[in-house]
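These notes open a run of structures that come right after.
Two complexes follow with chain A in common, the first pairing it with chain B and the second with chain C.
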Partner chain A sequence: MSSYIVRRFLGTIPVLFVATTLAFLVLHFIPGDPVNLMLAGAPASVELRENLRKMLGLDLPLHEQYLNFLTRAARGDLGISFKTRQPVAQVIAQQLPATLELAAAGMLVGVTFGFSLGLTAGLRPNSVVDTVTMLIAIIGISIPGYWTAMLLIYIFGIKLGWVPIVGRGIPALILPAIVVGSFAVGDIARLVRSSIMEVRREDYIRTARAKGVPERRVILRHALRNAMIPVVTLIGLQLGLFVGGGVITETVFARQGVGKLLVDSILEKDYPVVQAVILLVTSGYVFANFAVDILYSVLDPRIRYQ
Partner chain B sequence: MPPATLSGFGRSLRRLSRNPGAMAGACVLTALLLVAAAGSVLAPYDPTATGVGVALGAPDRDHLFGTDRYGRDLLSRIMVGARLSLPIGLLAVSFAALFGTLLGLATGYFGGRVDSLGSKLIDIMLGFPPIMLALLIIAVLGIGMVNVVVAVGIGGIPRFARIVRGATISARENVYVEAARAVGMSAWRLLFRHILPNVAAPIIVLATLYTGRAILESSALGFLGMGVQPPTPEWGSMLSEGREFMRHAWWLMVFPGVSLFLTVVSINLLGDFLREVLDPRLRGT
Partner chain C sequence: MKMLVALVALALALAGAASPSSSQPAADTIVWADDRESLILDPRVSQSRHEAQIIMHVFDALIFRDFDGKFYPSLAEKWEHSKDGKSMTFTLRRDVKFHDGTDFTADAVKFTFDSIQDPKLGSQAAIDFLGPYESTEVIDRYTVRVNWKQPFAAAVANLSNPWLLGIVSPAAVQKLGNAAFARAPVGTGPYKFVEFVPRVRVVLERNDQYRWAPKAFRHQGPPRVRRLVFLHIPDSSTRMATLEKGESDVVDAVPPIDVRRFKGTRDFDVVIGDVSGIPFSYLLNTSLPPLDDVRVRQAIMYGLDRPKIVEQVFFGVAKPAFGPITPTTPGYWPGVEKMYQYNPAKSRELLDAAGWRMGPGGIRVKNGQPLEVNHISLLQPELGVPVQAAMKDIGIKYNFETVTKARQDELVMNNQYNVGEIRWVAVDPSVIGIPFYSRNIPAPGKFKFNWSRFGSPELDRLILQGDTAVDPGRRAEILARIQKTVLDRGLIFPFNISPQPIAYRRSVQGMRFAQGFWQILFYEATVSR
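On to the complex of A and B.
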């Protein structure tokens, strides 16, 4: 088990390395001079420009800049925002709680609905419930998430006035959570359904029934547990959807959050913030997938020996 | 892929007619492609002409879908918008399929060092959340339509590469491949003549299913203001205008959204059907 964890952990290093390198290079690939962007068109003497260049470390050779970037990032120093002149780490820290809140709530909605729909459909294939579930699933993967968000805001926020559409707190979290969850409901429901249908044909299910285990127990103890394995992987892969869903949902609802911060920073060319958010989100994603893989190997011991 | 004989084609058509979802998808898509091809001729008004109706006019007989804040005809803008929204998605998928297939063929066929290096590259690309990759590319390349195609396309490359690699590894073992190698056929010629036709089915299926996603992703970038810039009509950026006027003009939000949804749902229904017909291995994935 521990050798599997070590092996899997080493596998995350190349991704993190590429992510940091790409984030570092963002500032060097962009057309134009970062110093100009920082000054945002304000007139400045040659001396001031040189000072700024030194302050940003842009006068050093590229490999030294890269090493500095890495050591500073490791210490949590992610530079200064061009726009607000605040430390980037501080800017992100202000936005992070709202995003984590949304991601957790969205995941709860997505997994709960996806799982119950998929389970009901998988236990009664070709029934009405099954057809409806598959319909919901295909709509779920075909509907633009930001459009779902707009329709929900229009119906439940504006027309019916049931929930607030701005602000923090649980009531204002309901609609955004549904939107983020809806990115995943379809995929999860489809996979749970096919997984359940497959497991139900296995010999050990027939054995359990034959020895008189009550149907409820057969489903919960034998079928569901084995059907969970591919579902856990999928949820790991879906983390990317939650991240993407966060970016879009935060923008539509004009919510605080890291996703909205990223979109705004790209549009305003605030590159230190762009670098930092990409670095943060990608590492978060890589480690979450790492955690899912470990969970996966706990659920299915066969994985570890491959 | 089944041989392209007339009976094979007829059989496929019969199977299509027995699947109502895929049939509806095919009809809607055909109509959309016609609109996209002839949109500027069919459109009742010039899509960028302002003041052809009142500003924010509700749908009526002259303007079936209403008008936007500059008094432009929404129906015309949606019809002409199909010319952008569909090709952007298709181009992004072609980009992904082309480079993904090359990578998959090379890693699967040559094996050894090529494979270990290529597979590592595939894993690294899959390690990124797709939207982060797209936004990173937009941040570097800047805003614009071509950059959206690249940004959305790159995220698809590892997905194509992985499936093609697997299919190539099993096709490599065929006797006729060995025979071709024995008579001294060059590796790339062999790949394109003998291996590629054998891995075409999964590529077609994935390309269809990925087209829906690519259209959604590129429209989302348009919605975020990172794609096609106004006044050029594109469904994603039109929806962003719809969001601004949500309280006063529901039609600006409803019609572009419905168009986008119908397009993607049709592609996905057709993709599911193709998956069943062409590639039983992919079923349930």
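On to the complex of A and C.
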């Protein structure tokens, strides 16, 4: 097991290298000059622009800029943000807690409701309950996040006044968590449902029932546990998505967050920040997948890694 | 199930660790909600008018300029131009202290202006605002002389700009370094910096020592409201929702539809600033056909009914513009209002005279080529539909491409457009030179602003004369000639004055527009809850 973990860990290094190199190339080949974008159309003189380019190292040839980036990154130095002139690590560290908070809260909503709906539907396939719950799941997937967000703000923020519209802390986290979670609810519910339906037809379920195991126990111990494997994979992937993809929720609720930081930085071509966020999000995905693989062996003792 | 429990625990731990939110503003606090974020609070570095909203409360300039264009002593008690117009001598107040307790002296003025010239600071606007700066001489502790390489007409206007040439505390800059100073600024202004949460909020607190307010204000002494909170709320619906609910008091960039909803209601009202500088305008590229013919450019200009289109698109929030600088800008020449009044018959006449005959499908043709104009739109794409319709009416196929800033810059540098869009918030009329100086014609790899690509020695000479005419009367005369010339030649089509609609809760009183009609000064404001 431990040699497996080491191998998997080393395997992430080329993945991260390729991801950041691709990001570097794409950023440099799409049109737009970081200094002109930073000045946002202000009537700045040519001398001022040249000075900024020099200061930010943008006057160097592309291969030199890339080498500088690699040598710095290898030392753990992610550079200075063009826009805020802070160390990039600091820029991201300021945004990360809000993102993790939202991802965890969103996942909580997604898993709780996704599981309940999926289980309810999966145990009574093709019944009225099944149809209704799946309809709810599909609505959750199809409604765009900004629309849900505006509706929630209007009802619970303005009309009822139960929660603050912007800010931090648990009350201000409720609405964003519902918006982010509602994507996951649909996906999880549908997967739990089909998984449960499939597992219920297995021989070991019939055996368990034949042995006289109570139905509740059959579902929870035998069926659900085996049905979990694809669901855990999905949750792992979605957690990665939450870290990088919360941009709409972050924008509507005026929250800090890595997703919005990434989008703003791409639009402004703040290279060092984009590189670092890509590195972070890629690592997030890689490690979420890794954690999922480890979880498999916990859920299913037949799966063993060497 | 264990995972679920772990997730619950994690969420609660994280949420618990976060600071509690203040849903309602405190009684002696004004909360401003801004559509853009503020990241750099150093006047020497910043170029953003949103950052300016904060910076101007933390810093004072040597001179104070009111929104009506009048100048008042601020950090300088008096000032004097040298005979040759190349230097200015300032007598400074002796009772001013920075927020860090150090004294404001001539050294601070010299330090501020000299440090702006330092390439390592990376000034994004202040360095241009200092003009042809040469040096600052400390004559004694409270007298200072600023020297320029040539007479600098914009000197008084620019030196009265607290968000670009506000005086910084040398001790604080030396202690923190430039980068950290931009996130913990120290000036002499009515408010002191307290807190900076990147991309979320900036908090300022009243400077209780403040005794040097310009006489433009009826109120003197420390400001009345204790705290100013500047929130960044990018989404306009959310921004308006926070105002409605009471999580904010003053909101900028109000959408036209919400101006109607909030204006003159019981609890709220809206003020609209007619922003100074260059109004939202089309620049017509004279270097490519078909707009290389002045008659075609003029035909376009006569063919657009500005008052009507602007009213339709902006619901009365924006006013039509007629000249290359707005009426709230010094040196505005009212003669522009009689030029290019809507006259489609004249457009058709001009196009006929230029050899463009009506062809199939209602599009004019010359030598087998249809009359086609490519417009790149970044700033006001909402004008596209009415403009296209009006152009079709006179026989022009008007292609309207909505572009990103990056794409716009590429097309501009590579001369692949017929019409582009500009607008600049500026307090001094010297901004008029930027799109018309021949040295500002863009080139591949060189992004510059003469998008009409019209270079003439005559216009260059006029602009230079305007920039160096220290006498305001003489300057106004030159500026009038520039305004007439660029319109006569069909280089720029001014469309509408940029509006700055601010919605506010009526419990907040005593706000006033800063010079330029974009930012709001909270120095005299009061709040009752």
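Criterion: the second predicted complex is superposed on the first by the 233 of 306 C-alpha atoms of A that agree within 3 Å, B and C clash if a C-alpha of one lies under 4 Å from a C-alpha of the other, contacts with A are read in each partner's own complex, and residues count from 1 in each chain.
Criterion: contacts are C-beta pairs under 8 Å (C-beta built on N, C-alpha and C of every residue); 3 or more make two chains touch, one makes a residue touch a chain.
Remember, predicted model here, so these are calculated numbers, not experimental data.
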Review point. Which partner does A:Ala89 reach: the first (chain B), the second (chain C), both, or neither?
Key: neither
Check your understanding: A:Thr251 contacts which: chain B (first), chain C (second), both, neither?
Key -> both
Exercise for review: Look at A:Ala42 in the shared chain and tell me whether it touches chain B only, chain C only, both, or neither; answer first, second, both or neither.
Suggested key: second
Point to revise | First (chain B), second (chain C), both or neither touched by A:Thr112 | key: second
Review point. For A:Val286, is the partner it touches chain B (first), chain C (second), both, or none of the two (neither)?
Key: first
Check your understanding: Who touches more of chain A, chain B or chain C?
Key -> C
Practice item. Mind working out whether A:Ile5 is in touch with chain B, chain C, both or neither, as first, second, both or neither? Key: neither
Practice item. Go through the superposed model and pick first if A:Val274 touches only chain B, second if only chain C, both, or neither. Key: first
Point to revise | Which superposed partner A:Val26 touches (first chain B, second chain C, both, neither) | key: first
Review point. First (chain B), second (chain C), both or neither: which does A:Ile229 touch?
Key: neither
Exercise for review: Find the residues of chain A that appear in the contact set with chain B and again in the contact set with chain C.
Suggested key: 30-31, 150, 153-154, 158, 251-252, 267
Point to revise | Footprint of chain A on chain C - complex, ascending | key: 3-4, 7-8, 10-12, 14-23, 39-40, 45, 47-48, 119-120, 122-125, 127-128, 178-179, 182-183, 197-200, 231-235, 237-238, 241-242, 244-245, 247, 378-379, 404-407, 409-410, 422, 424, 426, 431, 434, 446-449
Study note, to complete from the structure: Interface with chain A, chain B side, in the complex: residues 21, 120, 123-124, 127-132, 135-136, 138-140, 142-143, 212-213, 216, 219-220, 223-226, 236, 239, 242-243, 246-247, 250, 253, 257, 260-261, 264-265, 267-269, 272, 284
Check your understanding: For chain A, which residues count as touching chain B in their complex?
Key -> 11-12, 14-15, 18-19, 22-23, 25-26, 29-31, 138-139, 141-147, 150-151, 153-154, 158, 194, 198, 239-240, 243-244, 247-248, 251-252, 262-263, 266-267, 271, 274, 278, 281-282, 285-286, 289
Review point. Any idea which chain A residues touch chain C in the complex?
Key: 30-33, 36-49, 51-52, 54-56, 83-86, 91, 94-95, 97-98, 100-101, 104-105, 107-108, 111-112, 115, 150, 153-154, 157-158, 161, 164-173, 232, 235, 251-256, 260-261, 267, 269, 295
